[in-house]
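Labels for the chains are A, B, C and D, by order of writing; each one numbers its residues from 1.
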Amino acid sequence: MRVGVLTGGGDCPGLNAVIRAAVRKGVTEFGYEFVGFRDGWRGPIECDTMPLGIPEVRGILPRGGTILGTSRTNPAKIDRGYDLVVENLDKLGIDALIAIGGEDTLGVATKLHDRGVHVVGVPKTIDNDLSATDYTFGFDTAVNIAMEAIDRLHTTAESHHRALIVEVMGRHAGWIALHAGLAGGANVILIPEIPFDIEKVCDYIEKRFQSRYAPIVVVAEGATPVEGTMALASGELDAFGHVRLGGIGQRVADEIEKRTGKEARTTVLGHIQRGGTPTAFDRVLATRFGLHAIDAVRDGAWGTMVALRGTDIVRVPLAEATGALKTVPPERYAEAQVFFG
Amino acid sequence: MRVGVLTGGGDCPGLNAVIRAAVRKGVTEFGYEFVGFRDGWRGPIECDTMPLGIPEVRGILPRGGTILGTSRTNPAKIDRGYDLVVENLDKLGIDALIAIGGEDTLGVATKLHDRGVHVVGVPKTIDNDLSATDYTFGFDTAVNIAMEAIDRLHTTAESHHRALIVEVMGRHAGWIALHAGLAGGANVILIPEIPFDIEKVCDYIEKRFQSRYAPIVVVAEGATPVEGTMALASGELDAFGHVRLGGIGQRVADEIEKRTGKEARTTVLGHIQRGGTPTAFDRVLATRFGLHAIDAVRDGAWGTMVALRGTDIVRVPLAEATGALKTVPPERYAEAQVFFG
Amino acid sequence: MRVGVLTGGGDCPGLNAVIRAAVRKGVTEFGYEFVGFRDGWRGPIECDTMPLGIPEVRGILPRGGTILGTSRTNPAKIDRGYDLVVENLDKLGIDALIAIGGEDTLGVATKLHDRGVHVVGVPKTIDNDLSATDYTFGFDTAVNIAMEAIDRLHTTAESHHRALIVEVMGRHAGWIALHAGLAGGANVILIPEIPFDIEKVCDYIEKRFQSRYAPIVVVAEGATPVEGTMALASGELDAFGHVRLGGIGQRVADEIEKRTGKEARTTVLGHIQRGGTPTAFDRVLATRFGLHAIDAVRDGAWGTMVALRGTDIVRVPLAEATGALKTVPPERYAEAQVFFG
Amino acid sequence: MRVGVLTGGGDCPGLNAVIRAAVRKGVTEFGYEFVGFRDGWRGPIECDTMPLGIPEVRGILPRGGTILGTSRTNPAKIDRGYDLVVENLDKLGIDALIAIGGEDTLGVATKLHDRGVHVVGVPKTIDNDLSATDYTFGFDTAVNIAMEAIDRLHTTAESHHRALIVEVMGRHAGWIALHAGLAGGANVILIPEIPFDIEKVCDYIEKRFQSRYAPIVVVAEGATPVEGTMALASGELDAFGHVRLGGIGQRVADEIEKRTGKEARTTVLGHIQRGGTPTAFDRVLATRFGLHAIDAVRDGAWGTMVALRGTDIVRVPLAEATGALKTVPPERYAEAQVFFG
């Protein structure tokens, strides 16, 4: 049995742990052979492979990133993209493919399954916004990094009279903001799910300033004001059409300064949230995902992906990966509001 | 409504987060008044209280330990112990009691509930060995501390030719050893649930030495050899009748040196596993436990405790806290064995 | 002997360690009494004091910030400012004053010394730009925080094809950028001392992209392009006339995107560099500064400040604190250039 | 020019940073070629080499340990040891040798220099006990690890009534114990330089227990009681004749329990103090040592080693490396005693 492995989409702490676990168990228990595809779907499209055996996966467990590289290459956007993948997998003698990635990567995997490719998925989203699984690896690491940043800001908040804004990841779901804000003791948390009223934000800030301590505001990059309540900044798209990182944090800071007359300072964590060594939670989850993915290969459970339910790893149809986004429910946000102000 | 709060048993990162959340929500949303009892059940037995309001819980979220202090005082072992508790709660005008602790503390809480005391429990065990809840706070912090220690040992293992032994907590359940060992990439993991064969351990060690890398062995403090296979060390109990920390790690190291002729060095993490600032996972879990405990008080859900099921906080009967120990099931241990040697 | 203590200027990890050490030694060895002034020079100007004894300094060693609070209040900018300080110190029976702060704070202290006030200084600048001392506390902590951020970015740089920009503190001196860049393995380091040529920066970036790895650029907030080589961004001053944090990092990223056609992402560390628990180096240095400051008080060494020379703490005239800025010498920058590209 | 590099003695965070810096500068600025010798002096004795170029040193800056491996092999203890080294260096065409190591390694280097070998040294001792240099790399990392352990113990000390003992490295010099104890706020510090009186230790402990907090004692592994004051434990040497790690910490704990009637718990940090990623201080120092070592090679400064004086890297005769041990002077210990009890 010859098993291909690829990682697609944004990088995420734990990818290497998945790869290592699948290879270790596949080689030592089942005698499988492995082929690594470079840079996500670009690998099978261009037949770009690398050796993937026990020596290659040694020592990678604690390392962030992915030894296979990753990209956003999508067969759907390439002429004969799917055909090329199917042909090349065949040409390389690949009997099964483990695709590790988010909505896009697993969407491609689903299509390939429909075309008869033997594929098993491992879900990956640092934003934790996948409804098919309780948690995804990488999320816990990101939350801890953001929390540590907030912890550090508290000592400044105790010594100075400034509002401190931290912008964290989360375009469509506010899980990182919610958990990091709860864990860090933020005074306001703004998430994409619930448009914020800047006036109310300023009320919390004024209230907090009345204690001896300065307020800390956690803003998900996808948070948006209630329409018409905040002047829209222009030029927010960069040369690649992406929303400029740091945009909303700085805008909230500007509004706070204007409305309260207090200084406001912004920290934009950016890519440091998705880098570095994974936490224990993420290493264990990613390792178990890898072990169960190779079990799924052995069982011929094509078209499924692994998922966490409570403390168990289960198999669910690949199609669930591209189902509804798991957003923060109002009652979870309400829990956090107890600590606002 | 006047609510008493106490923390019993060993300290555990997250206790302060529970206290803070319960007080914050109780005061700001329900208008409750709080009384802190010092040092677990010693507090109500001796009427030793401290003020517990918003100012007292400010800034304690990131701090390990418990501002209330803790002890192993047990009313059952004190003449008229239970009567004293009931009388003093009455005398102090306590309408409801939140008891945060492990099997012993919640066992007392159950008895008090039977005597009509309005009590709500919050489970606490750093060993994660409580079957009523998916996870308990403190466990994730302990696992991360142990994992970081193992990470550090890897660089020595890559440079020297020595077996490295790490002894971690876990008298009756091997969860910390299992998760820290998996996350840290240990070459052998020994847990209390499955008596180990020292000969097999040495086989793994010899095998590992044949690669360029030295082996790392994680040993739970309650791990025991298969009977008759290892000389029993004498004098393992200390002056207080407790098993001496560090015992089994050192003994395993001694046996490895004797049997393999290779040097073996031991690290005993001891109390550093239960100290210091909690991880994000533990802060969020503890905060949610605190919020849901005060909701249970508001609802008059006496005799219940909060628990985690998947991503939800639920209520279960207090009696479940003292039910079956949640030990590592054989299939979870088998997952880890893939990485042995 | 009644000793006043104040902290002025920006907060800095280690301030509490200085306070604690001075108070511990002053009380237990010399029997001194202490008075804390709140918020820098605002304290003596407005007679705003707080108790400062053994209980107040308990547990503050590992905590960032300052229990005394800080501000940028300057007697020189206040009507009769210096007179008020002298009169109030007298009124409060202060025999000696320990002033902990940077250029501004110690400049005021020098003036007060000239007017006969018994003052001893402790230097503080997170930027390490004071020529009178080998190192100042807080700097090592800031460098470690920035280095850890760079470490995390490396895993992304290994997996993606993006230039990653990190903006760190340093308006006038590039020490944090230099040390964090060296320690983190940055591919380009830009400091205020040496105007940069954006074309050369892009050359390094292109060169780095030719390896499989993406480039990491560390930019001090005070770094500036060679005149005329980069379009000046408008609106860089905020409502308070300060240079907007994040300005130069984002501008460098924009230029890189424009000139190389590669994506560039920015992280602005901001205040997290000066918050949180100090490193061991900073705790030891700050503690020794505090011990030697109280020795200077005992010796009546008025008008001096403590300083580090090699491994020794020495006394130098206060005036040296406001002497020449210690900037990065060209040969130290040349050391780092070996690693560019 | 063909330059050999080797690392000898115990491993130490920063070794890889030295190797990387020397190779980077040697290759890119001077066009040198490098040869790595494996496992210290075993390499040249057995002609065991590995390639050492830019690709080999990529990514090793943040990694502890040494990619060259290390050992305690000593040519002086091997028949014709020195002759073999000289002959093999000649045979391999080595023009210059960079030896990175402690007293033993640099002692051998000195002997080789006397025999005409072109050798340059880089000092390495995690214990910081070398008088020729202000600091050695690895020390700062070890102190931070020990300090973090002490930080964690504080929360337990605030919640329980137990004496907590931490045993740290330091056979002959107490620098790690002194700095970690100062930085961590220990209540007693015991170092090899000054035999301790267990009765006085217990006095401090009793005094501390009278506050609400439990005492933390830091013990260097080489600390010894004043003769005759503490029963000597038997069997302290292990199978290799080394003093058993953990010995003195446990013995101090036993005595405290016996004399004060209070529980005492021990943590033995062991090898985790010398593993893992180096701190910024150590990475910068090690990097600068590497850069200056290759400069010394270029300058033909044979028989010298690099050293830190203040903030400068200087060259000193190799023989100084094996000169007097730098122990903790009484006045530095006295500084720390202010905080005892």
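Following the convention adopted for this analysis, contacts are C-beta pairs under 8 Å (C-beta built on N, C-alpha and C of every residue); 3 or more make two chains touch, one makes a residue touch a chain.
The model shown is predicted, which means the values in this text are computed figures rather than measured ones.
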Most widely separated chain from chain B, with each centre as the mean of CA atoms: C
Distance from the mean Cα position of chain C to that of chain A, given in whole angstrom: 34
Centre-to-centre distance between chain C and chain B (centres being mean Cα positions), rounded to whole Å: 40
Between chain A and chain B, centroid-to-centroid distance (C-alpha), Å: 30
Multi-partner residues of chain D (each touching 2 or more other chains): 151, 154
Pairwise touch network: line, ring, star, complete, or other: ring
Chain-chain contacts as defined at top: A-B, A-C, B-D, C-D
Chain C residues touching chain D - in the complex, by the definition given at the top: 21, 24-25, 28-29, 58-59, 61-62, 134-135, 140, 143-144, 147, 151, 154, 179-180, 182-185, 277, 279-281, 283-284, 287-288, 291, 309-311, 335, 338-339
Contact footprint of chain A on chain C as seen in their complex: 10-11, 13, 15, 63-66, 69-71, 145, 148-149, 151-156, 158-161, 164, 212, 238-240, 245-246, 250, 254, 257-258, 263, 265-272, 274-276
